[in-house]
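Below: the structure, in structure tokens.
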Amino acid sequence: MSLLEIEKLTVSIGRTPILKGVDLSIEEGEVLGLVGESGSGKSMTALTVMRLLPHAMRAAGRVTFDGIDILAAPEAAMNRLRGDDIGMVFQEPMTALNPVKTIGEQVAEGIRWHTGASRAEAEETARKILDRVGLPAQKFPLSRFPHELSGGQRQRVVIAIACALKPKLLIADEPTTALDVVLQAQILDLLRDLVDERRMGLLLISHDLAVVADMADRITVMRHGEVMETGETGRTLTEQAHPYTRQLARASTHVPARAGPPAPETGKTPLLEVASVVKDYAGRRASLFARPAPFRAVDDVSFALGEGQSVALVGRSGCGKSTLARMILALDRPTGGAIRLDGIEVNALAEAALKPSRRKMQVVFQDPYGSFDPRHKVERLVAEPLHLMEKQPSAAERRDMVAAALAEVGLAPKDMDKYPHEFSGGQRQRISIARAIITRPKLVVADEPVSALDVSIRAQILDLFADLNGRLGVAYLFITHDLTVARAITDQVMVMHDGRIVERGRTAEVLDNPQSDAAKALVEAAPDLSRALARRLAGRE
Amino acid sequence: MSEVPVPHEAPPPASLLRQAFANRSFLTGFVITALIAAMALASFVWTPFDITHLIVADRMKAPSWQHPFGTDHFGRDILSMIMIGSRNSIAVAVVAVGIGMAVGVPLGCWAAARGGWVDEALMRFNDVVFAFPALLSAVMITAIFGPGAVNAIVAIGIFNVPVFARVARAGALSLWPREYVLAARAAGKGKVLITLEHILPNIASMLLVQGTIQFALGILAEAGLSYLGLGAQPPMPSWGRMLFDAQTRMMVAPYQAIFPGLAIVVTVLGLNLLGDGLRDVLDPRLRRER
Amino acid sequence: MIAFLAKRIGIGAITLIVASIVVFAVLEILPGDPALLMLGMNATPEALAAMREQMGLNEPVPVRYLGWIAGLLAGDFGRSFTYSSPVIDLILERVVVSLPLALIALTLSTAIAIPVGIFSAARRGRAGDTVSMGVAQLGVAVPNFWFALLLVYVFAVWLRLLPAGGFPGWGAGVWPGLKALILPAVALALPQAAILARVTRSAMLEVLGEDYIRTARAKGMPRRYVLWRHALRNAMIPVLTIMGLQFSFLLAGTIIIENVFYLPGLGRLVFQAITQRDLIVVEGVVMLLVASVVVVNLIVDILYAVVDPRLRIRA
Amino acid sequence: MKPFKSVLAAAALALAFSAAAPMSAYAQRTDVVIGMVLEPPHLDPTAGAAAAIKEVGYANIFEGITRIGPDGQVQPGLAESWEISDDGKVYTFKLRTGVEFHDGTPFSADDVKFSIERAMAEDSVNPQKGLYSAVEKVEVVDPATVVVTLKHPQGAFLWNMGWGEAAIVSPASADNNKEHPVGTGPFKFESWAKGSSIKLVKNPDYWGEPVALERAEFRIVPDAAAAIPALLSGDVHAFSNMPAGDALPQIQGDPRFKVVIGSTEGETVLSTNNKKEPFDKLQVRQAIAHALNRDEIIAGASAGLGVPIGSHFAPHHPAYVDLTGTYPYDPNRAKELLAEAGLPDGFSATLKLPPPPYARQGGEIIASQLRQVGINLEIIPLEWADWLEQVFKGKDYDLSIVSHVEPMDIGIYARPDYYFQYQNPEFNAVMEELEVTADEATRNELYGKAQRILAEDAAVGFLFQMPKVGVWDARLEGMWENWPLSVADLTKVHWTE
């Protein structure tokens, strides 16, 4: 009998079904990858196993863990199971820990509850598991509070909590999605080692095929609350028997067709020139009288970008890439250095004098939900940058321009009379791009433009970026931590680390043959489906 | 990527209205508030009795068919007094909230947009105002300028200023880093324009909710001041004043104190329910200030 | 932590200075001649002049302000015009009524509100929650002085369980003193309790929706344990804020409630002093109240740091 | 279950305590709690006008050379007898001997001289300095004899010396009387919890007939809302003048209490600014007088207890003349008179009201009555301080309502700077004559004449004599039934059970 056996599981909220007859099983010591896009029901499946579904949700069907009927078990029995035989790791490490309790308390608490150990014994066990997850005593005493830890370190604490009592099954729900690639690789390594070491079953939930391909023995693909396909990882992903699996796999390795990069025109002023830019932020005051030491977010960065060029700025989270982007967009002023757009030093201009320069550069943000004022209709949203025009267009002209911009991004003119919440994430990102191109800018700065999108949507949006680059000759500065995006759409890559640009070169060269340590770390850590499959196949032979 | 529900955003007006009326709090509050407002409006054209003409012979009559709430110590019909008194309560609260919003919201928005010393100065100003127990200061203000409805309005209004400034500032501060505001800045819009186009409409629901709360508090504050004899002056009836007049006769004519008190309770209850409902509908995550 | 405290203390000091100027200036423009009030309708002009001189009303304003401040710092609040006794004595006599009253009311409201709020949050949407929140909703709407009137007539006049008002003084014993404070404290506390219960409930609900609650549940901790050990402390921050504000509200609320129960407390002292133009008493009491609000805010700030380690900056 | 039980326990405890209180009533009680509305600002009767100072101290702590009895007659005080010279200018007082102040200082003629001269002095802050206006000099003959010489005969001199403000104080303690009053009376000051109560204890060394009470407490009960429950719950045993308002029938029907409606010296009038347009016109004042319905005013402003007056004189006084019919209630006549005065459409004016309920409630009724004849009054409520400043001192008012509580104070209408701004040489002449007349019958006749002049001139709107609502425990005896002076003389008060 399997460790976990799910049969015909349905979950519904009111009359709306969330899961429609899910079947799934995990053997002892097995790693099962559960893959699917937003709304596929992956997380709800996991929460059903923990019996931690939100109040209004009702589950039916059969869930058996280690011979226990989970759906019928009394709450007290579930309390005994949770944290002891089943551990769970969540997506968002920043909020998963109680901010007012020390990490020691939070790890030891479950140990004491389940084993009845004394405080001292529980703390000793807690200490051991924290050491094991890579939080050594001298740097991370039990008395640390969560806010004193980084995201990756917090996720290690959550893993320590989940694994403290050597559970038979560990459920990890998108455990690395909120982390950058380097941390992702570290956390995945840790999980893999723990599973091997303790012979735990692991239910690894992810939207990322590459991650799952690397980790899972078997894989289950879900869509809209139903299981599409289940099978051994290597075979499922190489054969791609199910059309949806194929679609997912294709999308995650999708590279848009692009016209070659324009020939670099020597001697001409570059479109964008960043010269020795520095940005300091006030640091935290150490004592009442000492002046706080400034924190240097961007440190002496210089580069140039030609017309029509597409450049990626990659780096781990906190490396300063978003700060740099904000300065280029003249939303922030640098502490030192100069930023020139078409030869004009934008950082020296007053807001009123910035208009002509602003017309030449626009922005696309990451979050397709947060980047629109929810109270405005699409027409007004897309037309917003028209504020920058010398001559304000008439209402009719404005509608025409908005319609044209929407057409460019593949939306219908009638969409301009809707509110943003009536669109899906991908459509919103199209609207976002329409807004960015309505003034016919020469440069679009895109800050993680596809990282909040599902893989299939991401592929479409990347296609759109590529298409616009070709047709309109827009130059891109892509800010991203995702190397596949950089590879897909840019000609050049700059690698940023601790506020400095440590490496720069043609995309393919840098990604295939990184020189700096920072670039190497990024490249090594980046999940890649084809490489993962290659490794897996090689490993089997 | 995981099954996070779509972040809450304002649906279009039509469905908002439908949603609002499906909300029990809102519906109850709306009905009560509408009734009180209707009563206040009706009192301009009709009341059961003329309360400007005192018929001392009819004084202290217990509730009857003729005078459902009884009569007061001057023989005035209490129902008519309550009807006309509602005008005073509503007017004081409306204007006091209006003063608070008209001064506080621009201040709060300015502080949030400008930051730096303006923000600091506003916060310190708030500290000073909040350090004075509000009722105490209201008593002082009315003592200086003389008791009366207008001075009560000013006294209550002054304390609404920092409340709205705080709510507006907090709301605006949370919106300024939003991507759509950044996009508007990238579109070259200035702080004033962004505040008008993006900030204000998006904090409007918070302000509306706070407004109903302050409105309810304003009615209570006016009743308190009138009870101390510092609010509306006779012959203008006011609920608080009616309570003050009635408390000496609680033994012989409890109805004189019970009905005006109930009028206050019902009105404040209605407004609070309305506020709760609005908050649920407009922004489920909005926390109640104060 | 020290820097944080220093900043809060600095802000408190500035608040006090500004408040002292405001109070003094405001009272300067208050109409009414205290000397005339003192001597009444048949007083002769010479007698009035003599009285004014005696009361020190003939000095210029800045001199009087500085003199007053210097006195305050030295603990000398001046001498009451009407009572002709030192203000500090008057205040001390009254503080022993008002402070216990405010503290009892605060304790009562906290003791009622927090358990009710937690209970409601834990049984969100069920009958217990609906009923207690319905009562709370009503409690918020009830003016405390009206509630006080009802209490007096039920408990003092009908049932004759408790005194209707007045204060026998602590000299008469602790129990008679407390007995006199029960009804006023209840009248003050219940509307506040209603507010606090609502705040506690919504703070708890918000916290119960946080990820770390799910983490704790996933650890196998029972619901009740999570409620008390994980949620409550996090929910304390908004609750503390409201309690801090309520303290200032309770202080002011005593003005009305002390009038209803004719308790000789600070609220009535200041109200009487305002109507009798006993400026020096008004100034003294207002400054005391402002100072206590500032101190309470400081305590709340410290409690924030106690509750929430994120506010403690590691030395 | 547990919390419920403890609630029960608390209730039982409370019951036990409230049951314990009446137990002591089996023995003869020697303590009393008197309720009073206004707290005295201090306790020195020679330095403050507040009636509450006298209410506590008069005859209890302080005594004068004469005193005024419950019937309003002058009685011997610290002077056991006196002689008046034939020209009425020299008073020779024979003082009691063996009297001591509460601090042990012996009382003698020097104290009398000191007290009178202190009140007359340049820097005196005595609110009734006018009482001494006729005094020329005070001479000590021997420790038990003092001679007061007047500038001119003064009919009311002995009466004046019986006022609370004329208390005899000792030079040793005079300056501390505000905080710690020291007199010669049957009660000694014990303590004062400001805002709450003043406690007196029996003076064992009193020179006169010893009092029945061992302890007396004056409890401050600021208004009717507090007074009624305080009485009903037994916290307070007696009110000299209870602010009972409309709840009085409730108390009257309760056998535990005795209610005595008595008279006071408070003439409640609609004060009129006689120099201000249009009140300077006789017809306007007459119109107002015709427009006033005293019965309604008395019903609404004094719970129907006040006695209507037609001039400025107390109805219980022998010299009183009933002039209430001078300008009977007649709104139509009032309108005619207004038309005659050139104001056919009426006019608007202000009505500035001090805080007492009779003024605030009477004001509303009067405003309503005057509105019927076309006079629109804007009601402006004022605190006492503002009222004194604006109305009394500044004379910046049209109409006001106030009760004039000084006994026999019809003379105020003759004062040139008084806030009524009333001037009538004929009236002044009557007053001058009164000042030098000692014969009782002639005096009464002159008083009658003065009353008529005021009534006919409608100098102010004469409303009603303030009632004294005496309420006390039915077992208590010896409280004053009338109030020739607003005091709470406890010398004869005792319990009957």
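By written order: A, B, C and D. Residues from 1 in each chain.
Throughout what follows, a contact is a pair of C-beta atoms (placed from the backbone, for glycine too) under 8 Å apart; a residue touches a chain by one contact, two chains touch by 3 or more.
Keep in mind it's a predicted model, so treat the numbers as computed, not measured.
Novice: Between chain pairs A-B and B-C, which one is joined by a greater number of C-beta pairs in contact?
Specialist: Of A-B and B-C, more C-beta pairs in contact link B-C.
Novice: Measure off the straight-line distance from the CA centroid of chain A to the CA centroid of chain B, and report it in whole Å.
Specialist: 45
Novice: What's the distance between the Cα centroids of chain B and chain C, rounded to whole Å?
Specialist: Using C-alpha averages as centres, the distance is 22 Å.
Novice: Using mean C-alpha positions as chain centres, tell me how far chain C is from chain D in Å, no decimals.
Specialist: About 38 Å separates the centre of chain C from that of chain D.
Novice: Taking the mean of the C-alpha atoms as each chain's centre, how many Å separate chain A from chain C?
Specialist: From the centre of chain A to the centre of chain C is 50 Å.
Novice: In chain D, which residues are in touch with two or more of the other chains?
Specialist: 223, 225, 228, 232, 355, 383, 386
Novice: Counting only residues that touch at least two other chains, what does the list for chain B look like?
Specialist: 143, 247, 250-251
Novice: Where does chain C touch two or more other chains at once, residue-wise?
Specialist: Within chain C, residues 31, 149, 152-153, 157, 259-260, 275 contact more than one other chain.
Novice: So, with touch as defined above, which chain pairs make the list?
Specialist: Taking the chains two at a time, the touching pairs are A-B, A-C, B-C, B-D, C-D.
Novice: Residues of chain B touching chain D in their complex?
Specialist: Touching chain D: residues 52-54, 56-57, 59-60, 73-74, 143, 146-147, 229, 233-235, 247-253 of chain B.
Novice: Can you check the complex and tell me which residues of chain B touch chain C?
Specialist: My answer: residues 124, 127-128, 130-136, 139-140, 143-144, 216, 220, 223-224, 227-228, 240, 243, 247, 250-251, 254, 257, 261, 264-269, 272-273, 276, 285, 287-288, 290.
Novice: With touch defined as at the start, can you tell me which chain C residues reach chain D in the complex?
Specialist: These residues of chain C touch chain D: 31-34, 36-44, 46-47, 50-51, 54, 82-85, 90, 93-94, 149, 152-153, 156-157, 160-167, 169, 175, 179, 259-262, 264-265, 268-269, 272, 275-277.
Novice: Please give the residue numbers of chain B that touch chain A in the complex, ascending.
Specialist: Checking each residue of chain B against chain A gives 1-4, 6-7, 9-12, 178-180, 182-190, 193, 197-198, 201-202.
Novice: Once bound in the complex, which stretches of chain C touch chain B?
Specialist: The touching residues are 11, 14-16, 18-19, 22, 26-27, 29-31, 137-138, 140-143, 145-146, 149-150, 152-153, 157, 198-199, 202, 206, 238, 242, 245, 248-249, 251-253, 255-256, 259-260, 270-271, 274-275, 282, 286, 289-290, 293-294, 297.
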